[in-house]
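Chain nomenclature is as follows: A, B, C and D, assigned in order of appearance, with residue numbering initiated at 1 for each chain independently.
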């Protein structure tokens, strides 16, 4: 069936662009877990809000290139601002409580956010189209390929590198890494831990929202969009290793390829492919591909 | 034994005094349980159907109600979960004494609720479920009525349209679930010498269709038919357009994607030439009754360009009201009997419920989307109301 | 054959040689101390013997049974109990329950979902608690006890398993002088009375010479001397390590 | 709460439950059946969460397996209930043994995620194995034994099964095994150095939790007259975790309170507004912020203040 290497090449491209789409969504989730140690169920809801915010911004700016950029950035900024309020007023009260309470809180947040979205935008479907410069296809020599998918293939690595640069090469990044390793030490260093936590939660939420805005031109903006994506984001973060950016990147690639190739070669059993993969990876490496084991016996 | 029946036999046994009490109790409104998806990705379906229900109930009540009693709606969210939808139905039966139900919207929830309807002997009109299983074989019983055309009917109608287009070879795509399999089976059974060039299904809940789109492009077929619906249909269109799928193939879609809501959401992104079907389109001008309905609906919703789902809820209420009227009582067994073979005038002409199969011969629109001057949303042209 | 034999045990963490070809024996009934400066590898050695970590090479036997591949719980069942340098109790359980859990485990009652635990082994538990001078604290939560008392509780918990050999890692760590003194006396009396072999690490030399019948000196992961207390006291290498500031 | 007050609570609850069918409301009777089943489900998860300290996000898998197996044995093989139900529970326990053996090797969040992956695998198989499970339409129409078709009889049956299960779990929680479970939650390493094979005990707990979840699933499938794939979906697992947390994990009766409140809230809010998720979400947020120990914390506070007076 796949004797044709050109079709296979296109499928590889498809896998990669899906992987990058997924990575952009998962990056914020892994960031929040890495520093705050919170499994954020509301991540999908933030993603959805991002898409709706971009929709509203584009409603004002019109469907221009600039409008699209503003839509993506504006969605991130607005979501970040809301996340700041939520973190300061509510979530911050739970940091020294049991992990499970934080989980319960983010779950409750999902319920609230989904209904608020429904109140504001209704339950109908909307669509955001790709900005004019990313509409249509480019000819890859063998076949047309959507410009927007190609754009995601480039945007994903850029975002990955940007986060990496921020984490590894800036002062703020060093503080964040310190926070990931040791909260007590961070306090001793005199850095305001509160600020770091707020910053991380805001950044994670903003990334989710921008992920929603960036994914919108390939999907619908509707009240079900969060449910479809959250489980994929979780799979990526878990198999990559919680808190590991590189792990999420690799995890996204694995899931992207598995989804595309699975639907071709596994066909009707593709539905369980990602879960089988997750089981296998966790059994071989219980802390994920790039996570750190908690302890060792050997 | 059924509660109402018990009440009745009691009443007869106890004589006139008791009869008066019962009559008093029966003076109140007739409760209609409406169970629809009101949250999550399919909420637009539930809200659409519910709008139609509300409009019809308003009209019925303004015209003096049924048997002189007004209809009262009790709405519950099915959440697309059979356990929730059955719990809601039981609650309405046991707590509110509801004996007439409209909904749920999807196949799985409708199948589940139908079992309760059978056991509790309450009337259950399914406005939108298309699955054969709902009224086939062992699942068919006296209290369940299916208004939407089933997948078998869709199969026949689809092939008719395909032959009209001149399809010679066909590819299938869609979510890997019951509706897809049923509809494709019906198309295959009827397509005669149209050649099948492959079926490319994606797992349920998938959000990325690029792999299948690539497969479809390289498959040797002139026509593609598919079943993604709602948001997933929109996603499919947006992903397939830049690949040029709609330039190289004729595409026909099921799952009521001819709905104006879909066209409005996609706007200019809806590819010209896409064939689709819908239970209703507001711009159809062939029938007086339809024009009157659309005027009322536009009035009710405050917008002229309405969606397709309201008509399913609207017709369900009209059937129920007519049946109660015919039966002369709200007793569900008698109402169910009245629904057998009942014909009513609907906005889309006469519709009859077959007394054998409990299925209605509801018509559907098939057409080809073309962009409209002066409007953002494309409309179906070559519009045909298929019965 | 000695009671506990450690032969050529080596543990590498990555490139770091934490324990290097350690060989020594503990005789039955001995009170054997492992001493050495901080970072010498005492706790790592304990973790190797008790099965918390696996040795890279080498063998460890108790009464001729090989321990090196066994899991901690299996080693406990052979007859070894240990305490930890950091207090390690069940904080939300009472002192009574802490000891009870140990008894349940040593009698293998953890597989019985029907046997009520409430008053089980009361007399035995109280006896053990009295022995470590915690009789009055039996109903207090372990996490709320003073540090010294938690250490005593750990001792009771370890004894509940009726071990043949008891490994105590820094039994007086973090104690005041008074606590240390009474604690030493307690440990010595109990092991003598019960005929338990004792292997312990300790930083306080007074404690070591008070209790130990044999001493091994660990330095940079190697045993540099083993002998009677009076021998160790005059050993040149030991003098150098402890007094010469290396 | 002390053992005595918890027992008193359970006894009182049992007496109230005995009276429910005589209150003349079929709605109340059926609602109580569901509340009992969800309480049993929450209690079963608490063996893992509260006792052993493992949070499973895949507990619904065993609820679903129990339900589907009961449906299948009753309807397809026409087995009598007395055989079908124990067989279904046994089957779920065997699955739990296999899945659990792999899961207990992992810790904390990774354990949670592996259980989640397995339950989604179960969900996928349910969706795809149409001849046995009915696929995405669900297993519709269960051949219920005649004596269970009346709501009253079903109530008594459910009450009996749930009460016996609850009693067994109570005995378990107070047993030597239960003590060891809690010891593992409190301090895994210490328990290990008392000679406890921690993983083996975790596995036993995992299987026991699955066993009672399967009992709940079995009852639910009969009550619903069908079983549906959503019952194995991760959201269902999340729902169980939330009931347990809402009630409070460190007491026996907490999960009963949590599951009951959650279900009753869902049902009643639902009757008043279509914005029920919003109301639920706000209530949960308030509980999290004000009652971090769950509802049982509220009871404890009330109890102490009453005693002080």
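Going forward, a residue touches a chain if its C-beta (ideal position, glycine included) is under 8 Å from a C-beta of that chain, and two chains touch if they have at least 3 such contacts.
Everything quoted here is computed from the prediction, not taken from an experiment.
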{"item": "Closest chain to global C-alpha mean, per-chain Cα centroids", "value": "D"}
{"item": "Interface with more contacting C-beta pairs, comparing A-D to B-D", "value": "A-D"}
{"item": "Interchain centroid distance [CA atoms averaged], chain A/chain C, Å", "value": "49"}
{"item": "Distance from chain D to chain A - Cα centre to Cα centre, in angstrom", "value": "32"}
{"item": "Separation of chain B from chain D, taking each centre as the mean of its C-alpha atoms, in whole Å", "value": "36"}
{"item": "Gap in Å, rounded to a whole number, between the CA centres of chain D and chain C", "value": "42"}
{"item": "Two or more partner chains touched - positions in chain D", "value": "127, 277"}
{"item": "Where chain C touches two or more other chains at once, by residue number", "value": "52"}
{"item": "In chain A, residues with contacts to at least two other chains", "value": "114-115, 118, 268, 271"}
{"item": "Residue ranges of chain B touching chain D (in the complex, touch as defined)", "value": "3, 38-39, 75-77, 80-83, 86-88, 90-91, 94-95, 107-108, 111-112, 115-116, 119, 131, 133, 138-139, 177-178, 204"}
{"item": "Contact set on chain A toward chain D in their complex", "value": "39, 41, 90, 93-94, 97-98, 100-101, 103-105, 107-116, 118-119, 231, 234-235, 238, 242, 268-269, 271-272, 275-276, 278-279, 282-283, 286-288, 294"}
{"item": "Contact footprint of chain B on chain D as seen in their complex", "value": "25-27, 30-31, 34, 127, 135-138, 140-141, 149, 220, 224-226, 228, 230-231, 267, 270-271, 274, 276-277"}
{"item": "Partner chain A, residues of chain B touching it in the complex", "value": "38-44, 46-47, 176, 200-208, 210-212, 214-215, 217-218, 230-235, 238-239, 242-244, 261-262, 265-269"}
{"item": "Chain C contact footprint on chain D (complex, rising order)", "value": "3, 171-172, 174-180, 182-183, 186-187, 189-198, 201, 204, 208"}
